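Per-chain residue numbering starts at 1, and chain names A, B and C are given in the order in which the chains are listed.
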Amino acid sequence: MAATVSLPVFEGPIDLLLQLINSHQVDIYDVPLAEMVDAFVAEVATWEAVDLSTLSEFLVVAAVLVELKSKRLLPGPDDVEADEELSGWEERDLLLARLLECQAYSAAADAFTLMMEYASRSVPRQAGLDDGFAVHAPDLLEGVTPNHLMAAYLRATAARPAPVVDLYHVTVDTVSVAEAVSELEVRLPRVGTATFRGLTRHLTTRMEVIVRFLALLELCKQGRVALDQWGTFGDLEVTWVTGAPTTVSVGAVDYEYEG
Amino acid sequence: MALSEESRAIEAVLMVAVEPVPAGLLAELLEIPVDRVEPLCDELIESCREDNRGFAVVRIAGGYRIQTHPDLAPYVERFANVGVSSRLSAAALETLAIVAYKQPVSRAQIAALRGVNVDGVVRLLEHRGYIATVGRAPGPGQPALYGTTDAFLERMGLDRVEQLPPVEDLLPGPDAVAELEEQLRPAADA
Amino acid sequence: MALSEESRAIEAVLMVAVEPVPAGLLAELLEIPVDRVEPLCDELIESCREDNRGFAVVRIAGGYRIQTHPDLAPYVERFANVGVSSRLSAAALETLAIVAYKQPVSRAQIAALRGVNVDGVVRLLEHRGYIATVGRAPGPGQPALYGTTDAFLERMGLDRVEQLPPVEDLLPGPDAVAELEEQLRPAADA
């Protein structure tokens, strides 16, 4: 299902509108963007189920249109100094280059789909070695212990891809504070004292760091860690309070953050 | 000698098969009477011989399969031995771990857990004597169920499989995950 | 067309291989110079085509492999229950295209091109094995640089990345560019 729009100057699928504007058959100046968005929102309201693909496709095209129109509405070269004029041209060149590049990658994506589709019609032979061949190989389990095997099992069962939601543009990291608390509970008693930087060095997203911070605050509130900071913007020093109860009521910390 | 369309189809099916394919199944796939299968396979067998191919189509107990021509065994054996690394790949180790913890388990169940085709890896592990067929699952096709062998236990220094470090299955099963994925997918495929 | 002894040996080796076999390894097995491998494989490829076999020998991801002929997909799919590889979303495909054409490329560079956060998509592609970290950029934080993998080439049916359609073919034509440029000119100028 593609998003369609109905405007004084155009009626049809929105990506076609973009093509027409690009090929100069419709002037972006004449396209009332607010009306277009209103019409789309009204159409969305009639949907029985939310179709994320159509929604995001609309958003992308609408964003490009807004960008195009804002450029079109920019004051002309008459109003600007020579330097600014030049930088205005430079900006337009960059925008043009980006638009072209985006179109090229979009075309590449279509080509990839076709190539993958064609390649998937052939299945490689996977039968492996016929029976009866002698393989004089070293013992493949050399150095593998039952614990390695357990780790491999956990890896295999945990490595399942997260359910893929075609959110298209949004990255959602769900990290629970409760999980961070349990992790710190294990880690901190072992090291005694650590810095916040040290505790978050292995993390990749800002949200994970924030959640770790909230977990520390939670532990501090429960009197189980002491926090010290030497000076403004200094590194936070975290000390595990010995003698504190060893198990936290994780159930008490059940809020989740989504970024 | 150019092959007939049906012979080509049989050849393609045998190419991807890991185990011998029964004549009945071939007939079903091609939607032809089962007594047409034998002449078609004979045509294949004959064409391989005539064209001096490096493989042969053979009829063995349980059906047809493709195997390398016996006179090329030296090359195949050399390949089998140069290609072997001295350690199991991470993927192979994970597959072995799944068999060890979940036995008896079918290839389809392992594939569902690993998310990829595991035929080659299972064959390698079977070939090395770490796992073996321990039974057959009920239901269509009666797929083989795999378990670990005594040789595996011996190498791991264990008496019984139960001595493996315990793991807790905290994760939802593959069915539950697949169902969840289905629900989360937007109405139209992007 | 009867095959030469060397071509037969290559065919036999490819029959038992579970991943593409590099020309160098084939040369080693047959004890021939590596530049003799390609003509021999071409002979094999040609003989399969000429004799209308149900399989094909192809050069893929830097090696040779045997796979079923594409026009027999209906039979093979019914038998092998393939199609495990799920489709990629438009966003994932475009991101994959950027990595393929611009590799090595950092996440920030991809995000700048796509105009949106690409962390999730990059993670998905990495998880599927189509892209991998191939190095680190100099500078603060030493961001990871991504490139495509052999699994990507296999999925695309390609031997080398260079076989991708040239980017010039994908760009809009000169007329379209001129008009787009015109469009971007400020109002007073138009």
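The rule we apply is simple: a contact is a pair of C-beta atoms (placed from the backbone, for glycine too) under 8 Å apart; a residue touches a chain by one contact, two chains touch by 3 or more.
The model shown is predicted, which means the values in this text are computed figures rather than measured ones.
Colleague: Of the chains present, which has its C-alpha mean closest to the combined C-alpha mean?
Modeller: Going by the distance between chain centres and the overall C-alpha centre, it is C.
Colleague: Report back the single chain whose CA centre is most distant from the CA centre of subunit A.
Modeller: Of all chains, B has its centre farthest from that of subunit A.
Colleague: Counting only Cα atoms for the centres, state how far subunit A is from subunit B in Å.
Modeller: About 37 Å, centre to centre.
Colleague: Centre to centre, by mean C-alpha position, how many angstrom separate subunit A and subunit C?
Modeller: Computed value for the inter-centroid distance: 25 Å.
Colleague: Please set out, as single numbers or ranges, the residues of subunit A touching at least two other chains.
Modeller: 53, 56, 123-130, 161, 164, 166, 168
Colleague: Touching two or more other chains, which residues of subunit C qualify?
Modeller: Each of 15-18, 55, 66-69, 76, 80, 89-91 in subunit C touches at least two other chains.
Colleague: Hey, which residues of subunit A end up touching subunit C in the complex?
Modeller: Listed in rising order, the residues of subunit A that touch subunit C are 21-24, 28-29, 53, 56-57, 63, 68, 71-79, 88, 92, 95-96, 98-109, 111-113, 115-116, 118-130, 161, 164, 166-172, 205.
Colleague: Can you name the residues of subunit C that touch subunit A in the complex?
Modeller: 14-18, 55-56, 58, 65-71, 73, 76, 80, 82-83, 85-86, 89-91, 93-94, 96-98, 100-101, 113-120, 124, 127-128, 154-158, 164-165, 167, 170-172, 176-177, 179-190
Colleague: Show which residues of subunit B lie in contact with subunit C when the two form their complex.
Modeller: Subunit B residues touching subunit C: 1-3, 7-13, 15-17, 21, 25, 29-30, 47, 50-55, 66-69, 72, 75-76, 78-80, 82-83, 111, 115-117, 120, 123-124, 189-190.
Colleague: Under the touch definition given earlier, write down the residues of subunit A that touch subunit B in their complex.
Modeller: Contact set of subunit A toward subunit B: 1, 49-54, 56, 123-130, 133-150, 152-161, 163-166, 168.
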